[in-house]
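Two complexes come next, and they have one chain in common, chain A, joined by chain B in the first and chain C in the second.
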Partner chain A sequence: MSSESTSKKSIGIVKTQSVRISQPLKLACGIVLTEHELIYETYGELNAQRNNGILLCHALSGDHHAAGFYEGDNRPGWWEHYVGPGKAIDSDRFFIVSVNNIGSCFGSTGPTSINPQTSEPWGASFPSLRARDWVESQRLLMEHLNIECWAAIIGGSLGGMQAMRWSLEHPTKVRNAVVIASSMKLTAQNIAFNEIARRAIKSDPDFCDGNYLQQVKAPVRGLALARMIGHVTYLSDELMGQKFGRELRIGDLVDRNADPVEFQVESYLNYQGDKFSDSFDANSYILITKMLDYFDLSREYGNDPVKAFGHSECNFLVISFSSDWRFAPERSREITDALLAADRPVSYIEIESDKGHDAFLLPNARYEDALGGYLSRVADQLQGGA
Partner chain B sequence: MSSESTSKKSIGIVKTQSVRISQPLKLACGIVLTEHELIYETYGELNAQRNNGILLCHALSGDHHAAGFYEGDNRPGWWEHYVGPGKAIDSDRFFIVSVNNIGSCFGSTGPTSINPQTSEPWGASFPSLRARDWVESQRLLMEHLNIECWAAIIGGSLGGMQAMRWSLEHPTKVRNAVVIASSMKLTAQNIAFNEIARRAIKSDPDFCDGNYLQQVKAPVRGLALARMIGHVTYLSDELMGQKFGRELRIGDLVDRNADPVEFQVESYLNYQGDKFSDSFDANSYILITKMLDYFDLSREYGNDPVKAFGHSECNFLVISFSSDWRFAPERSREITDALLAADRPVSYIEIESDKGHDAFLLPNARYEDALGGYLSRVADQLQGGA
Partner chain C sequence: MSQDYGFIRDWITADSKVLDLGCGDGSLLLQLQQKHNILGYGLEIDPQSISQCIARGVNVIEQDLNKGLTNFADGSFDTVVMTQALQAMRYPHLVLDEMLRIGRECIITFPNFGYWGTRAYLNFRGRMPVTKQLAYQWYDTPNIHFFTYADFEALCREREINILNRRTMAEDFPDKQLKNLWPNLFTQTAVYHLSRQ
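Right after this comes the complex of A and B.
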């Protein structure tokens, strides 16, 4: 039914690129970044018409390394399963751009960068961000790449919020928005978990009111806790049951002795927390979770999502996962219903999965087919002449 | 249909009682408490046959003050709505005993008590506990009260676990077990949330490896975080949405200025965390969450709940709440199914509620009717001669 490539392979070795954007970026909070750096990767080739560009938007803890491998490093990008030659997001047919967004901590301008006005790290003084600021920064990268219109913008979770925001702010610059495991706004429960994570970070004495870099410290205990809280909400109860059950890693509960007992799930979570706190920046975590909390698609459209999506001109693919309780399928159905009510072209699919919110990152045949089939038709249309 | 009292009123002013149990209590971990103190309250009168006793079992953060008021204090007990004259747990018909369990921090022997062997607070050295230890200590209190058999043992959450454990360990000492919003064992997700809470406490530098009392410190930040995590899991997403939505307490998101913004739900949770950390003991929190994690009704019965319940001789009432995702209705259905398979008399009711796990503490007409109707029949049977 579609002209998919028949063999899937890895994009192989990739290199990180960077650009210093010298146009001023006026943030939603009113502060202007006079210049900013963006770190990004690209996969595939831009065609002669320059219309086969796909923008990948990462989520809270994501980065620009979506696919392939770095020289001498066997860890693939975070979306390796879906991005590459012959894959769902096919680098044989698309020019795929994956950017680390500002405020994050993987090389693009953010709290760990030097504030040119003080010659010190921005730290906690980095300006408050909104999803629209990421969109605006991505638009400047788009100009740098000399692309007029994205064939598609794709993102999961916070990435989906960026795709939706693009469709409203720059309706002529995006043909397709793929919104995966996302939401038009967070629920009170979502905000609650984010706030607990932030409080965990701020409660760590090594947070030093956000100035830990200057004091050569790092609030690793707080950040590990924050990640553990987040991590539990990304997994389904069912998956955790299958993966860990009540298995013990240390000790014995039958003996009823006083020796310490540790469940596998405890050990796993502690490991995940510690690993994350070694690689992520605490101020970035606070900044980006607040961006998530603040996101409300239709706030500036009279709180009417139908009115909001009335401004969009692209086609939409909305995908949710059955066991996702962070951004439940109900949230995706709300997006779809608003798009339908706004008379926008939308396809919606709910994927059966026991993997919770994390499902959007993980292999799943039906998800792969839905995404690959949709994008294959997009590529066919481009070739048909646009 | 039942001979319920027609007027419900508060039990009024109550006084705390205490008893020093001088029989040695051999704990499941092997350690022996040579003596221990129990703080408790009673409501109503023990009848001449001494067979109308009801034992209330509290949960993680509960205490002995289930009903009524202390002189000069207008805060009612935690189950005021359900315990008192003419209420569902009717002090006109029953002699109700509510005990603060060992390991907790409201007066009964626990980590804040003085270890007679060291003359210092037990702190983190207080022995590891199991639900069966609470049951055993409650049995010693029962002896002290000269009661041979409870008319009913009632508990929600961890309280339901005690009621079930009683039914297996002392089948002739309990006529009815009322198991509310409980589970035969925690899921991996339950354990995960408990472990994050414990890590939050242990990460607080003022925890001092559990010896904060000796150092005149208190890990209030860690304990507040622990409570916040727990609290979110006790509420339903739906209830949080109704109660807080995305309402702001401070700031304005439309203005897009850089001023701080705080959602109502953040403020509420922070308040709950702080309030709790002023009144609860961190070592008790660690101890009792571990008791929850370790609980596994059928571990000693070949991991077969049917075989386990085969040892019980009482009637069961099992109650769950539709929006409870901490101990979901599915957990109560598992209890009920095991009881049915063991050919035990059981009534099961799932109450429609949007209040999450906390529903077991809150007013709900159908819940009140179910509990009151069941216990009224129990009282009728007692009067009919037993």
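Right after this comes the complex of A and C.
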């Protein structure tokens, strides 16, 4: 099934759009962004009733380029396998909106943008963010697009947190929330990994207390290290064993004089770290990992997830992956149990996968089938079917 | 199977909350949603059945019944249903207890191993019955506990379970005519509506 669907047509060439939101955005920390820029892409057509919109929420390092290709570039979007014509998130039936969130570093207002008050990059002084700030900024984009209610909001990991937050903050503006490999709050272990990553970045002498842009430097070593740590936690032990084992890339362990020796896994991780540090901003990484750490779905609902979800009005689809230990299936079951106890419509599936947390981005026949089946029914309902 | 839904529908009140353990493709819950406007959830572990439920708009939770139902609160459902699956549970009596803890009422259907056809099969062929209802070979069957109508009645007595309703089902002559007279012999499928006393 997955090979069949990989051959499904791509949405093709896509273009990035941008909008300057001039309504003030009051952040959870109290600071007001008088205006902010959002970079986004859309796939498919908004119907006459303007009710077939789907919002995709990206995770920690994601961006707005979820599907298709840019002119003259052969790299597909990060969710190419699932987003496009006839795919699980079907651009023939839905108007799909994928936005780069504020605080990130792909064009939307964030630490690399110029602070209008100082005329210098925000850098480390960019205000601290919460998931609700992303939701609020997305709501302003929704107004700009003249959409009243999303047919679905879909997100993995931190994206799932946004989908859940939407369902509580704006219950009448979302009909379905698809929460993938997510959690109502991070575990201590999860926060610990994020802190190690932040420490790695801050330990780089080129970090300059976060003001590296002004000093024309970049803490690429620290950021690469942060990503390497993260990357290990997104994979499963099993998958790393299968993918790399103890294969050597350079050298020979039998010949004791053969130095240097490099394992495939070392080479892979170094490559991933370097690639990431070239494209991501260190302050954004710190900002968004903190956003993850601070997220607690039910904090202002008396720490009661059942009470929290009592405010939601949409249907939920919750998906987890068996080998994901960063956002383990238990976390998704907690979400499901809270929804059940709150008498909310919910389906939950645990997909068998050896791909760890990254599984939510990768091809998987059952995942595709469930997501596609669920959304196909959502589309049928929009068209007045059963 | 479609016939026992008839009884089940009669025993479920409109707008109530229903949990279907081992819900399969979700047909029962879908019927109850459409006809009784229930809030329904099914538990299932078969991936294909789960996908079918999702695609037809039936709430389904991937959860193995044999690993317990501790995530469901006492009395959190009006009715807990289990059709043709009790015989496949590791500990049927404990599952029954759990069903009666979670639901105010329970509905159970199971194949009656005391049916004359299965008795005759074992008696005359000397082999474990493979019938339309119990369609598996002994070495490769999900059905690991075989019990009869009479066994189930005894279990309810022992565990002080209140039988609100019972229905016996059989398809052919003369079973249909005789099942009320000798239920343990002529019932193919038994349907029970239970509560705690």
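In this text, the second predicted complex is superposed on the first by the 376 of 386 C-alpha atoms of A that agree within 3 Å, B and C clash if a C-alpha of one lies under 4 Å from a C-alpha of the other, contacts with A are read in each partner's own complex, and residues count from 1 in each chain.
The definition used in the following text is that contacts are C-beta pairs under 8 Å (C-beta built on N, C-alpha and C of every residue); 3 or more make two chains touch, one makes a residue touch a chain.
Note that this is a predicted model, so its numbers are computed, not measured.
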Quick check on the superposed pair: does A:I114 touch chain B, chain C, both, or neither? Answer first, second, both or neither.
neither
Taking the superposition on A as described, I'd like to know which of chain B and chain C A:D204 touches: first, second, both or neither.
first
Considering only the touch criterion stated at the top, classify A:V346 as touching first (chain B), second (chain C), both, or neither.
second
So in the superposed three-chain picture, is A:D237 touching just chain B, just chain C, both, or none of them (first/second/both/neither)?
first
If you stack the two complexes on chain A, which partner ends up touching A:V32: first (chain B), second (chain C), both, or neither?
neither
Please work out whether A:R221 is in contact with chain B alone, chain C alone, both, or neither, and reply first, second, both or neither.
first
Touching partner for A:L362 - first (chain B), second (chain C), both, neither:
neither
Touching both chain C and chain B, counted on chain A across the two superposed complexes:
none
Under the definition above, what is the set of chain B residues touching chain A in their complex?
28-31, 127-128, 130, 185-189, 191-193, 195-196, 199-200, 203-205, 221-222, 224-225, 228-229, 232, 235, 237, 240-241, 243-246, 253-254, 256-258, 261, 263, 265-266, 269-270, 273, 290, 293-294, 296, 299-300, 325
How about chain A: which of its residues touch chain C in the complex?
317, 333, 336-337, 340-341, 343, 345-350, 366, 369-370, 373-374, 376-377, 386
Where on chain C is chain A touching in the complex?
17, 39, 41, 47, 50-51, 53-63, 71-73, 76
